[in-house]
Amino acid sequence: MNIRNNDRHNLWQEWADKYARRVRKITENPNPKMARSNALLYQILYDQATKEAEYSTEGSPIPVVYHTENAPDRFFRSMGFRANNLELNADHLSREQVGRYLNIGREFGYPDNICDRVKLAHAIGISGDVPAPIMVVPVVGDCDLMSQAMCSVARYWNVPAFGIDMPYQEELDMGPDEYLDAMKYIKQQLLEFIEFCEKKWPDFIKFDAEKLEEYQRINREYTRAAADVIELAKTKPCPYSGRDALRMAPTQVPDDRRVIDYMKQYVSEFREKAKRGESPLKDNIEKFRVYWMCSAPFYYDPFTFLEERGCASPLYEEESGIPHRYNVMNSESGERRFGRRMLDPLEEEAALFATHHWGASGNRRILEVLDNCRKVGIEGIIHFELEGCLSLNNIARITGERAEKELGIKNFYYLSAHCQDIDKWDEADFEEKLGDWLEMCLREKGF
Amino acid sequence: MNSEDYEKKLQELVSVHLPQNRNTWALSWKEKGKKVVGILDTLAPEEILYAAGILPYRIIGTQNASTPLAEIWRPPDMCRYCNHVLEALLTGELDFLDGILFTDWDDDGRRLYDVPMHLGKPKFNYLLHVPHGDSEICVKIYERDFKRVVDWLHDSFNVALDDERLWEVIRLYNKMRRLLMKLYEWRKREVPPISGTEAAGIVMAAYFMPKEEFVSRLESLMAYLEQRKAPLKKLIPRLLVVSDHLDNLEYTKLIETHGTIAMDDLDNGSRYFWDLVEPDTNPLYALSRRYITRPSEPCKWFWHKQVDRVIDWIKEYHIHGVLQLPHIGDQDRLCCTPYFLNRLRGAGIPAMSFTREYHFANVGQLTTRIEAFLETLRLK
Amino acid sequence: MSVAGIDSGLHATKVVLMNNGEILSKAVLTSGLEDAYTIAERALKIAMGQCALPGDSYKYILATGQGKSHITFADESAPDSICLARAVYKVLPSVHTILDIGAAHTLVVKCSKGIATGAVNSDKCAAGSGTYLEIVSAILGVSFENMGGISLKSTEKIEVNSQCAVFAESEIISLVHSKKRIEDILGGVYRGLALRLYPQLLQVGLEKDIALVGGMAQDIGLRSAIEELLGHKIMFPEDPITIGALGAAIVAEEKVKPGK
Amino acid sequence: MITAGIDIGSLSANVVILRDDKITVLHNIRTGPDTCETSWQVMKEALAMIDRNFSVGSIDYIVATGYGRVVVPFSNKTVTEISCHAKGNHFFFPKVRTILDMGGQDCKAISCDEKGKVTNFIMNDKCAAGTGRYLERVASTLGISLADLGPLSLQTVKGPADISHYCAVFAQQDILLLRREGVHLSDILAGACEGIVKRIYPLLQQLGIRADFAISGGVAKNIGIVSRLEKKLGMKANIAFDSQIVGALGAALFARDFLLSGN
């Protein structure tokens, strides 16, 4: 069974075309509901996709390493690798593209009852539709299955799987020292990684600390710009749609300074709206605000549904200025934390990695979620659990119970569904249940 | 003793893991005012607990058909073992435990820790992270985390640990491992002296007994076992069974009505005792090296080395086919299954994988599947 | 001032007419192949026919139930959870957990003083629904109404594990074949059913008192199986089928109350 | 040499009697609640077709298969339906390598070698979605015969209706609702068939489909499923003249082999 010999698709070309269409649409006849800054976002994505698309057809002169979201992308690139984030690839699949990869997964015999992201990331990894890897990097800490998937991809291509491990302990009492400890351990692994690669591919792989530092500077400026979003999130009515709260910065272009401009544009355009009291909410009246968590249906927009009913969703846990990699960077000044004991760029990468909020026990993540709820005055939590996501088992209900106990948030809507496997998605049913829940919350509030 | 007595003693040992028997040792241990700490898999460094005067108790999930209390916290179709363990925790089946040392063989294992932490039941819990790599760095960090486990034991149960005692315990565990390996050696015979069910039963007896007692009991049986004419006749085909938490032996019995389980890759089988702790100046380091560098579990990044082992075993034990029975939601094994099956079939070894419940249920279809697989091996 | 509440269920459509908290009349129509709109309209007419008031004296019509969105002549629709909470508060004020088992759904509502504060809805698998029991009655050739009573005569504990109603079918057939008593088989069926409802009940917290409503509430077999499982009595309104419609009527009244 | 195969399925019981390599009797009845009685009944009736004073004793070797195989009191040996369907299909279509057997409550995808020996197989799980029982419920809900279901499903008006529920029981509810919304009968049936194909296809995918392809079991009679599956797979499906007896035939062939090999 060898999928590589099947009909090849040029995924990046398909994406380039998609982004081109979007840029055109936004510039020619913009939808007032959509953020104007999207134009720049899609331009960045378009430029990246076209570059990758060329590699896909001509074959990549630079060796490619496959990895997933929590892996230190900047670090790989600073060594001269082309890093391909399969998890992000999976996220970018369109409704039309997704079926092919679900099938590739099934034909390979990969379990069907695990979450769509793992399934699809794995499938893209073995499809040959993106340039083939010379190495795969499984990482643990946020999602163990994802690391299993990466091992499977490495075994498929018969290339080395060089794992990076994230340590942790129950850190209720975990201070900077333990983090430093973890950070040192990861730094060691990064050094080992450098040694391994420089020995294996002496001609083209060389770690470049300055490059990494440059990428980190860009990332820091971006983070600083994004930090303002959390301020915007406090304004009522919420100036932007939940759709935009979900908007993730293109993390695969660490060398592209335009991501900073994008974030600044994004913030300023919504700051304007906030001043004018504008919002995507019906009649600009905010009746209720929810914290949208975990995942969301990719090919359906639940936020418009909520906003038509006066419900704002200012936060998505992962993005738009949520300082979810706390303890590493001061979101205001963008300076490294850990009492300044974190000095070189490798340590910064290691620390970002060590403090990932999906890592360790559920407590780490829940504390952060509650903190964000406090910050922006959340009244209800919608916990959209990705079906088959092991990292979410047990903590959904714990989050709910603690939100009620510690913040008095009574309304917790727990649902579990697929985000990309459309065959398993029942829109009518979803809307009916979500609508019922929201109506329950509103009536309780006296609307 | 005559062979009837030996046979009786053997069957006693095999049935130690049954619900009505398995807590006997833990309870009398507690009567002596000593502590019992639960563990969940082959990755937890039992030796440390035992050397600290604590009885390690390997948790078997409840065999209740339904797990309503667990399903408050987690979806029913993820790791079934976790469901049944959590259910056991919440129904009070495990109330005698003073604590649990959790190990994150995967995210389900990791998140299993959150509920007890949230509810404070049992009182003392520790989440020990298991590096999935086998590099020296991983060995070192695991050793460091062992030190933290020792501190945790000290803070929670006011127990101390000295190298001398730890070495003693390590030697004891190694002795146990050698005995079990010897026993497994005999399974290469055309008619093995013990069935796969008995083998798994014996291994599981080690979960619950103080190791001195287990070792002496097993030792006293070895001579008898070596010349034992097993009750089961020569049954073709010879199988190697692969699974996790296959601790309800009704499953192995079901298989052995149709064939012989001559070898296994089970956590309650070879994976429990394979690989010794090699001598070193530092006992914690020596332990860490043993637990880290063995490929045993699918979560490990170098697990393909375990597949190499399985392929060697297939030759040594004259195996006709490999039968894998992951429980529903045994995700990291299922993720490795395509590779596993392709490797074996590539090497000309018939292999199949069927999912099952954790407790013994819904075996109608499973039986048909197993029979059909064995037919393909037999009807040549 | 009069209002109407309509509960458009899968198997039956119920209507309750109210005037200042007083129930004027009720109507229950089992749905055939007519669409939800037509049958609701008919049910409403029948109910209105039972009381003297002219048709235009109904100030507000509120629809609930799985077919609510189709009843376009209603002024408004409201979720089942809210209506159930209101109605049960009116008839059984001490209730804090409502278990509503219908033909194809199970809804557990957590409520206090008529306000629904939480709800868990299940319809992934028929294992927990009334339809499951209909299938069983068909296999055993026992009338749907009598099954519950028969199950109470059970003497031997039998486990019926099959999650899937269709597989339960063959499991039950083989039980019959192995000469098990119908009473005991039904006992097992109800116990199994209660067990499958249990996690859902636990999820909302199981605060006493607990009331059983909906089409299945009259099934004595199910009721006693649940009570056996919980270890205490559960309540049920005398007319559990129209409880959703009653709730809808109450919510409708709130709408037309002066000052609201 | 007279050998027989008996296949006790969840819906139907089948008997095939071979004289040497020739099929002399085919017979099938609906499975009753008492599987044991059913097996006697179907066998007796089959024997009567040869001649009235013919008895079970006059058959040299009997193999039982199907989920009720263990309760057949007069069988010499039992073989799983998986092996039997492979062998039976291979008898009709020697070039077959992939087989889909859709029975009353399970669905198997089987791949076999040139000798008709099973090399791999996959079965659906603890849910009746995508089985014969599912179709039965659909037919009964709409008050049409199972035989008409297939042909009607091909005369779609507005294209297949969306039946979102996997569950055989809930699908029935969906269908009821669709009916009330006035959706055309054929469109509903088309939706049901599409739904089944959707469930079956992944099984075949996982197995890996190699030509030739054959379908057996009751559902093979359903043109609505077969044609859709053929379209999705892009290959023709071989179907025995009586798809329901394939399992029993396989059993009878095994009986012949066992007899010859003195096994």
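Which chain is which? They are A, B, C and D, in the order written, and residues in each are numbered from 1.
We adopt the following convention: a residue touches a chain if its C-beta (ideal position, glycine included) is under 8 Å from a C-beta of that chain, and two chains touch if they have at least 3 such contacts.
Please read all numbers here as calculations on a predicted model, not as lab measurements.
With every chain reduced to the mean of its CA atoms, the largest distance from subunit C is reached by B.
Each of A-B and C-D has its own count of C-beta contacts, and the greater count is at A-B. Rounded to whole angstrom units, the spacing between the C-alpha centres of subunit A and subunit B is 37. Centre to centre, using the average C-alpha position, subunit B and subunit D are separated by 41 Å.
Centroids of subunit A and subunit D (each the mean of its C-alpha atoms) stand 47 Å apart. For subunit D, the set of residues that touch two or more other chains comprises 67, 126. In subunit B, the residues that touch at least two other chains are 72, 362.
Shared interface positions of subunit A, defined as residues touching 2 or more other chains, are 1, 109, 429.
Taken as a graph of touching chains, this assembly is complete, with every chain in contact with every other. Note for the complex: subunit D touches subunit A at residues 164, 198, 202, 205-206, 208. Of all the residues in subunit D, the ones that touch subunit C in their complex are 10, 33-36, 67, 105, 126-128, 131, 133-134, 137, 167-170, 172-173, 176-177, 179-182. Subunit B contributes residues 65-66, 68-69, 71-72, 76, 361-362 to its touches with subunit C in the complex. Listed in rising order, the residues of subunit C touching subunit D in the complex are 10, 31, 33-36, 67, 70, 103-104, 123-126, 129, 131-132, 135, 162-167, 169-170, 173-174, 176-177.
For subunit A in complex with subunit C, the touching residues are 410, 429, 432-433, 435-437, 439-440, 443-444.
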